[in-house]
Structures are given as structure tokens and as C-alpha cells.
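Scroll down for the structure; my scribbles are underneath it.
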């Protein structure tokens, strides 16, 4: 149902597209105008997305702001979009982060500025499309659309060996999405096989029970596709490369939003559609994410390059998120979604801070810096607050997310809770060691002496992030209350016991009733 | 009697084909090709297809053979009949040829169709050509148009290919 | 009343915001703002303390902080007997130290930043103490750890200071992990973390085994925060921070958070005798172990740090044996005299321009009479000489240790008391009495008495460390704040009948204290047997003690260094780069290799292509013939 | 009787194929290609006769048209080869090789 009777979701998704066309008409040389127009388009997009938050009805788990238009009737594809408690905040995170990322590039990017801004706008459309589409075909289309602008952004405006990094990033994620394509097609045909109707509507597919052995293969396919994107432990090696070579804005959006598509995919595909498999694979995924948490922390400790350090830290943070999700408890799930938002805010902010000093010194090596506190104190305080939020000190957003995940994990199995409780320790080690070597200590490098403190523009895009860090930290209820019912429904779907359908005998035998425990 | 005529014609076509393939001199092979085409047209006549036989003579034996010989005339004799006749591993070619022959003849022997109405409705009130004309311009009109276009394309292709100013 | 209680916490927070945000403009009077904020908080704090004294507990909850499905955590404050004492101690001592540090930090570059951090510290300490649930205590717990990180590494130019700050935070984090596990278990068993509905239901919900697990987990947190045996390494390095910081955080308030937490969860601990035993024995061992190290150290602040460690050990003995109120009582008195000792050391350092080693100092009493007198008072208090505060609290702990049947701990306690007296008076005699060791040093450094803004708070603390003990004096058979005691630990009865007569208890502890002072007097003043000679008679023991059992080196080389080496060479260079990344790149290389393989077919000879075509055809038709027809 | 006809057609086809494979001179290759095509066309006519269906013969017309155009293009290429390299030996033309 669509409370606003107004295609707000399509509007939000296609404003950036219109913006991109607008920018493409402008001439290349007045860079200032291009940047300003793009920024205002993105801000308008954010403002238009605010009613989503206010008109969102937290009491129902059904999809809201739904738009459904048949697209290819014969194949059953529809332009079916809508959001619920889970995807609401991811949409808002996207519209909130992209203008900030764009604002940070006003002085950073100055070659091919027009192209860059068009790429950012297209990226925004692609990302929003993924979060709002409820039709698996549409989901896949947007999933591919958002890959190309990111490829261009790292490939063109990236660091020294950007070609290698962007190639690896593209091929790695593309391999994942090919797997996903196969799984989607399998899902599409199997669904027809059992329910006799061709449909790609996600909500519908969630209801059709599938035999276990098929569920297993599809679960594995989706698992691999999304694990590469999350990135979970063994599939994470593209992330440090992509982050080191990406421009600041690219890193912010990559860390802030793109990684969430993986976890979002789990919440939309793996958990609701393959409940039995989720239970069976839960301990495997939890093990992987725990390894991810500790592995990410250990390797982050020894990184000489700040961006690589923060990249490995996001492997660790998202390990937490996956742990919360596959603990399959209400608090764990909510914590995992909150952790996605926190990670978007705090790691995005960390990349922006690294971007600020990178713009001034053009180097990311920790050894190059030292004693910034005495030179640029305001920067040091911002950096300190974002470091604290990523270490999960109480009062900041990190703590709420992590504690909920800990509680959820503890509830599902005491051992998970105890092991992961020590995870927070290592995150403190690598962040504080890095912070000490960059900000404290004496000023040893002469080049650092000329550093200027943060100018107005940098204040402009740091303060909103700061507000969010403390808002989620002190009063997370605004976020949790909105997602409660949707998460409960998701948990019911995961825990629903479908009578096992074996298809060996008659093919079109009607499906036995699906027992859905009322939430 | 028909057996004997068939045998003669078959012999002519096979020897002609072999001749085109084996003969050392390009002109000789062209002539052998014409002989083969004539043999085939004879066989067509035996198969109640007089119009096609005539067509065969005009198109294959006539147009194509003449065209080839005409082009050969353009070229220097030494280039045409240089001594190396066969490719390096030509033996492999022969083996594959024989294999192909074996395969296809096996197909031929195994081939079963119902010969119930053999030789029927090949003529329309007495004339094979009328029948062909009728069927050609009724059921196969569209392919006919397409063939016209193919010929046109071939024409243009040949002209374009042999233009003088292509910078090699 | 709820507004006042809330404002007790908000006052220092506002102080922090003012100094933090407008540091540049409020630089000259940042100290005054901070101290005012603290004073208001202290005065406002008196109201809830009064209401607790005349009997009823104050508890208000303000808003829901974490609305989880299983447990809704309210942001609420609670003042009962235990937190009233803590509230009084924290606000009183920090006000004094704020006033003192106005003088001490005068002219320092980060003046307003220092006071901002100090105010933030007091806020989080108050949240820790006044919070009405374990989660709020955890918030204060980590907040306090954060502020100690900021304040230890205050002079961030010095890399030893920033290293020390980071070390403190990480070691505290180890403790916090234990604390988190404890809290998780509590939430799991009780379905809530607030004290009011956890403690009453302890008997019926928890089994002894569960209580032991929770007890030990919580105690791991206490060990991390209050620097007990395994995790004490950060406290001695924390002396890198400015002296007011050491006195406030590392003597009076933060390190006692662990004791407070154990005392607060007395219901759980009393259910778990094993956990209590562990707490008491770790406390005893740390007390003895730290005292030995204090005997030989040269640096003033390090001696005081080790003495804090050992006094904390005493508190944990008190809390561990079940006499919770004795632990808290010693905590209070210790806050006064240890705070004074640190402030005195700060005054000495201040006037000696940061000189720390006691060998260079001698006969300071001529130059700094007031400080000398105060230091003597504090040393007498800590050694447990009757009229002073230390005697009552330490005697209470040791007495109860004997009462509750822990003779071994009692013996260890007495020996440590002797050592405490010895090293305190070794410090006092070498620094203040005797002659100038380096002639003309004082003149050249023109050492003078500390300014009045520093001596006044020291005098106040001096008085408190004298009369502070009277609280515990037995007037007419029972202790004045009787109900205070019973409220702290409702279910621990105070044994009325005494196995051992009062006299023996008091007698032994007093003689131990006097003996320590006497021996120190003989060695350092009379010099009948010089410290040097003792040192080289027990050469090996002396060197061992001098460099603190080589523990720091052990931790650095046997834990930290291999840890870094493994994660660098093994995890990063090999596993990540070679195996996983290598695997991915190998997939790319394999594709390349396959491409090369297929190039062999492109020979360029047209006839060979014809061969392949015909071969393909033959195979296909062959298969067709065999299979189909 | 039908088998003999088919054998002749198959023989024609096989001989043409062998010619294409082994001969070096491009013109001869073209001619053997014509032989092959003719063999295939012949099969059409045989089937037309034995199945009693005129379509076979109509098909032959189209085959003939295609054969003619194909030879035209082939010869144009031959002319180009001759002009470019002065030789018709197909082994000289292997620019596409690795």
C-alpha cells in the first residue's frame, strides 16, 4: 500500500538521473557550477527522501510506498518497488551519505569534473534502485547498474595502480553477481515449477517453500554472491585494494553503502526464502564472521596505510553485522541492521577524515604523519570522536550496535557472546595505535608544519555525521522502533516450519499448506 | 537400358569431379568441371527434372564455369600452374575425404523413405516447368525475393572488392 | 529531588562542554569554571546523601535508552548507601583536586583542554556510581577508561605518555570484556540489568555455579579497572600523566570503581563463595606483591603508584571476605590520604621543576614546611597509626579477615602493613628529613613552598585523613552509620561476638605500623645500616624488586611483540596476501593460461581449418548414424 | 535405384570436399567447392523425384543462385589475392596467424 499515493520512491531514485542529464548538458569548464548543481540535486534528493521517515508506519511489516507496474507481462517481470523497516534506513543512509561524499570532492577532484559528478549521480540511482526494488529481476538490473559507476570512479580518479584495483573489484563482484543471476533464474523457474505461475515478485517468492536439496544450492549461490559483496572473511581481498585506490568520495560511498548491499541481500534473499537452510548454515556463517572480526582486527593492526587499515576495520565491523544477523534473534537482527547504519556513518566519516589530510599531504602512510594534534586541533577532535565511535565506546553509535549484536549472539549461543566480547578489545588496539601515531607524538616531519585546519566546507560535511554518531548513541529508539515489526516478521519467516515438499512423485501436486506463525 | 545410361552418366560426373580435383593444369580442371556438370544435368533429366537440367547447364556449366575460366584468363599462366599442387599434409585431407565419403554413404544406405508416390506430381498438366513456376511464385515467393537480394549483394560485393584504390 | 540528582551529573558535563567547545576563549579561567561546576555538583550531591542518611533510597529514571525486545534499559540514577558514600568521596576529592590543579597546571599550553577532560572524567565517574543498572555502570566504566586514556596521554608530545595512555585503555578494555560477559549473563538470567529487580531475585534465579561464573566475569572487569594482579601493568605507566590526574584518577576515584562494582553486586558474590575466595586472595597477593616493589623504587610517583596498588589489594580483601562495608570504608579513607600524598608529590615536583628521583632530594622540610607536615600526616594515616584514618579502615579489614576465618590473609595483611609503613617513611625521611644531598640544588632551582591555591586543598584533605577514620570508631558498641552499613550489604550480618579480643587485633596492626616507621628511621636517619648495605647483601632480590620483577619487559617481549609479529608476517603477509589474494589472482592467471592453450589451433593455414571442419562433421554424422538410425 | 543416385551425389560431395582440403591453388579450391554444392543440389533433386514433391526442384533454383553469387565473391577474392601477393597459393595468406 502506498500511504502517500504519490510515486515518491521512483522520484527519489530518478532525481539523480535527471540531475545527471542536466549536468551532462553543462559545459566542462565552469567546474564550480557543475559541483554546485550536483550537490543541490543530491540535497534535494535527501529532502525528498525525508517524508519516507515521517510517513513510515512502523506498525505493519507489509511493504510501504509500493509502486507496481507490469513491465514484461509474458515473463511476469514487474516494476515493483517498495520499502519496509529493513530497507528504510538503508535508503536514508544512501541519500544522506552521497551529498556529503560529493561535497568532500569539491577541492579533491579537478580533472574531468563533469564526468565525475555524472558518475556519482548514476551511482546514487543504482544504489537506491537496489534497496527499493522488490522484483528480483529489477534487483539484479540495479545491482549491475551500480557496479559500473563505481568501476569508473575507482578506475579514472583513483590512485597509482587503480586499473588493477578496479579490475579486481569489478571482476570479483561481477563473478558474485553472475552466481546470483543463476540463482535468480533457478528461483524463477523452480517457482513456476511449484506454483505454476511465472513471477519475480520477491514477496511472493518468499512464500513458496522449496525442497531442501534445491534450497541448499540456491542458498549457497546467494551466500557466495553476497559474501563477496559484504565482504565476509575469505572473499574480502578486493576491499583493501579498492579502498586504497579509490578517491575519497569513492571510498566513502563504497564503505558507506555498497557493502550494505551484501548484508541487505542476505536479509532479502537468504533468510526469508530459504528458512531451513538458514538454520543449518547459521553456525557456518557465524564462524566465518567471527573469523572475519578477529582476522580484520589483527591484520588492521599492522597496516602501514590508513585507508587499508580502515578497510580491514570494515571487514571486522561487517563481521559483527553478519554475526548479529545469523544469531537469528530479534535483538541480534536489529543490532545487525543498526550496525550497518553505524558502519556507514563512522567508517564513512573516517574515510572523510583521511581524505582531508590526504588532500593536504597527498600520502596515506601513517609514518608520514605525527603530532597533528598540536598543528590542527579541530581536525584531531573530529578524528578522535570518529575513532571512538568505531571502537564502540558507550555514548556513541558503535556501542549500541555492538552491544545489541553481543546480546543477540549471546542469547543464541553463549560461546559466541564470550568470544566476541573480546573482539572489542582488538578494535581498540588498532584504532588507538593508528590514532596515536597520526595525531599524538611530536611533529617529526617538516612537511606537516604547514598543515591548515579544517575549512568551512569540511566542517559542513563533518558535523551531520557527528550529530548522527551521538544521536544513535544516546537515543537509538527512533531507529529501533521503526524496524521492530519488520524484523519480527523476518524472524517469523525464518523460523516458519514449512512441510517438506518432495517432488519425486507427481510434479504438479498442489503445495501443502504453509504454516506461518503469526508474529 | 536405363541402367546403362545411368551408369554412363554417373561415370562421366565422377571422372569429371576427380579430374577437376586432381588435374595439374588449372584449365584442364575447369574443363573437367564442365564435364561433371553436364553429367549431372543428364542425371537430372533421368530424374524427371528437365527444367532443372537445363538450368544446371545454363547456370553451372555455363555461367559459373565461364566466369571461372574468364578470371583464370586474367592471370598469368605461371602463377596458375605452379608446381606445388597439394598442401603439405594432403594425406590427412584424403583420409578425411574418405572418412566423409564412408559416413555419408553409410547414411545413404541406412536412409529409409516411403517410396509410395515416386515420381508423382512433378508436372502440372504435362509440363514440369509450369509446375515449378506455379509452386515457385505461390508458396516460395518470399524466398525468391530474398534470393534476388542475395544475388544483388554478391554483385555489389564483387565490384567493391576489386576496386583499384584499396591501399594494400 | 530528581532534577537535583540529574543536575549533579549535568554540572560537570556542562563544565566539560564550556571548556571543550570554547576552550580558546575561556582559557585563563577554565580552572575556575571547572572547579565551580564540581563544587555545585558536590553541594547538590549533599541533598540525596542527606535523604539516604535518614533512611530512604533515591531512585529516578529519566528516559528509555535502549529499547531491546528482551530488556528495556532506562537511563536512571539511584542513590543508596553505597553510592552515597561514593558520591561524597568522588565529588569531594575531585573538587579539591580541581582547585589544586588550577595552581599546578598554571601556564600549561592545554590548560582548558585539561579541565575539559577532568570534568568529563567526573561526569562518567558519577554515571558509573549513580547509574541504576549494570549497563549504565558499563557506560561510566568505559567513559572513565576513555578519560584516563585522554588524561594520561595529556602531554601527547611525550611518546611515553601516549604509549602509556594507549596501554591503559587497552588493558582496561581486557577487563571490560570480562565485565561485558558478566552483564550479558545477568541480562540473560534476570531479563533486566537494573539493580532494583536483579538483586532481590538473586537467590531464586541464580544457581551457585551461575553466580560463580558471573562473579568471576565481573571480577575480571574489576581486575582490569582497579589494576589488580594480572592487569596492573598500566597503572605504573599511568604516572606519565599530570600529577592531579594521578591523584584523582589513579588514586581516589577510577581505580576504586572495581571495588565499588564488587561491593554493589554483593548479593551475587555472597552466593558464590569460590568467587569471593578468588577476590580476597588476588587482593591479598596484589597488596603484598605491590608493597615489595614499592620498597626499592626511586621515583616518587612510582612509589605512590605501587602503594595505591597495595592499598587496592586491601580493599579487595575487605570486599572479598564478605565484609563489604570495610572495603568501602578503606576506599573512602584511602581516597583522602592517597589523594593528599599525590598532591604533595605534585607540589614537590612542581617546585623541583619536574625532578622525580628521591636520591636528589633531602631536607626539603626547610624549604617546604607545610608540604612536609602534610606528607607526614598522610604517611602516618596510610601506615595505620591510631588517631589517623588509615588505622581504623585497615584494622577493620584485617579484623574482619580474622573474624571470617581467613588467617593467611590476615598474616599477609599485617606483613604488608609493616612494609607500607617502611616504604612510606623511607620516602618521607629521604625527601624531607636529613641534609641536602646535592648542595645548592634547591637554591639553583629556587624551590619554594607551593602556592596557597595548592596548599589549601591539601590541608583540607589532611584534615579529612585525620578525622575520616572516626567514622569507623566504635562508640558504644556500634558504628555511627549503622544503617549505612546494613544497607550496603543487607544480607551480611556483623558478627557481634568476637573470637579474638579487640586488643590483639588493634595491637598487632599498630605494632606493625610503628615497627615499620622505626626501621625506616633507623635505616635512613640514624643510618646505622645504610640502605646500600642492605641492597647488596640481598643483591639478587634487590635487583629483582628494583626493576619490578621484569614484568613490563616480559609483557612487552613475550606477549605484545609476538602478537604483532604473528599478525604482520603470518596473517597479513602470508595468509592475506599470498593465500587468499594469491588464490584470486591465480584464477586470473589460469584464465590467461587457458587462452594460450587454445591458440595452438590458430595455425593460419586455411586447409587445416577445413580439416577441423570436416572432422567435426564426420564425428557428428558418425554419432548420428550410430545413435539415432 | 535411389541408393545409386545418392551414392553419386555423396561421391560428388566427398570429392569436392577433398579437393577443397588438399589443393593449394585458390581457383581449384573454388571449383571443388562448386562440385560440392552441385552434389548437394543433386541430392535435392533425387529426393524431389523419389518423394514426389516439387519443392526439391524449387530449392535447387535457390541453391544454384547462392552457388553463383558465392563463386562471384570467391573470384573477386581470387583477383584481390592475385593483385596483392601475385600468387594464388592459399598458404601464403596466413596474416591472421598468432
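Labels A, B, C and D are assigned to the chains in the order they are written; within every chain, residues are numbered from 1.
By definition in this document, a residue touches a chain if its C-beta (ideal position, glycine included) is under 8 Å from a C-beta of that chain, and two chains touch if they have at least 3 such contacts.
Quick caveat: nothing in here was measured; it's all calculated off a predicted structure.
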item: Innermost chain, taking as reference the mean of every protein Cα atom displayed; value: A
item: Centre-to-centre distance between chain C and chain B (centres being mean Cα positions), rounded to whole Å; value: 102
item: Separation of chain A from chain B, taking each centre as the mean of its C-alpha atoms, in whole Å; value: 68
item: Between chain A and chain C, centroid-to-centroid distance (C-alpha), Å; value: 38
item: Length of the line joining the C-alpha centres of chain C and chain D, rounded to whole Å; value: 96
item: Per-residue overlap in chain D, given as positions that touch at least 2 other chains; value: 17, 21-22, 91
item: Multi-partner residues of chain C (each touching 2 or more other chains); value: 605, 607, 610-611, 614
item: Of all residues in chain B, the ones touching two or more other chains; value: 87-88, 92-93, 96-97, 100, 104, 107
item: Chain pairs in mutual contact under the definition given at the outset; value: A-C, B-C, B-D, C-D
item: Residues on chain D engaged by chain B in the complex (per definition of touch); value: 2-8, 10-19, 21-25, 27-28, 30-32, 34-35, 38, 41-42, 45-55, 57-58, 60-62, 64-73, 75-80, 82-84, 86-89, 91
item: Residues on chain B engaged by chain D in the complex (per definition of touch); value: 6, 10, 13-14, 17-18, 20-21, 26, 29-30, 33, 36-37, 40, 43-44, 47-49, 51-52, 55-56, 59-60, 63-64, 67-68, 71-72, 74-75, 79-80, 82, 84-88, 90, 92-94, 96-98, 100-101, 104-105, 107-109, 111, 113, 115, 117-122, 128, 131-132, 135-136, 139-140, 143-144, 147, 150-151, 153-155, 157-158, 161-162, 166, 168
item: Chain B residues touching chain C - in the complex, by the definition given at the top; value: 87-88, 92-93, 96-97, 99-100, 103-104, 106-107, 110
item: Residue ranges of chain D in contact with chain C within the complex; value: 17, 20-22, 90-91, 93-98
item: Contact footprint of chain C on chain A as seen in their complex; value: 168, 171-172, 234, 236-238, 295, 298-299, 301-303, 330-331, 334, 371, 373-374, 388, 393-395, 399-400, 403-404, 406-407, 410-411, 414, 417-418, 421-422, 424-425, 428-429, 432-433, 436, 439-442, 474-477, 480-481, 484
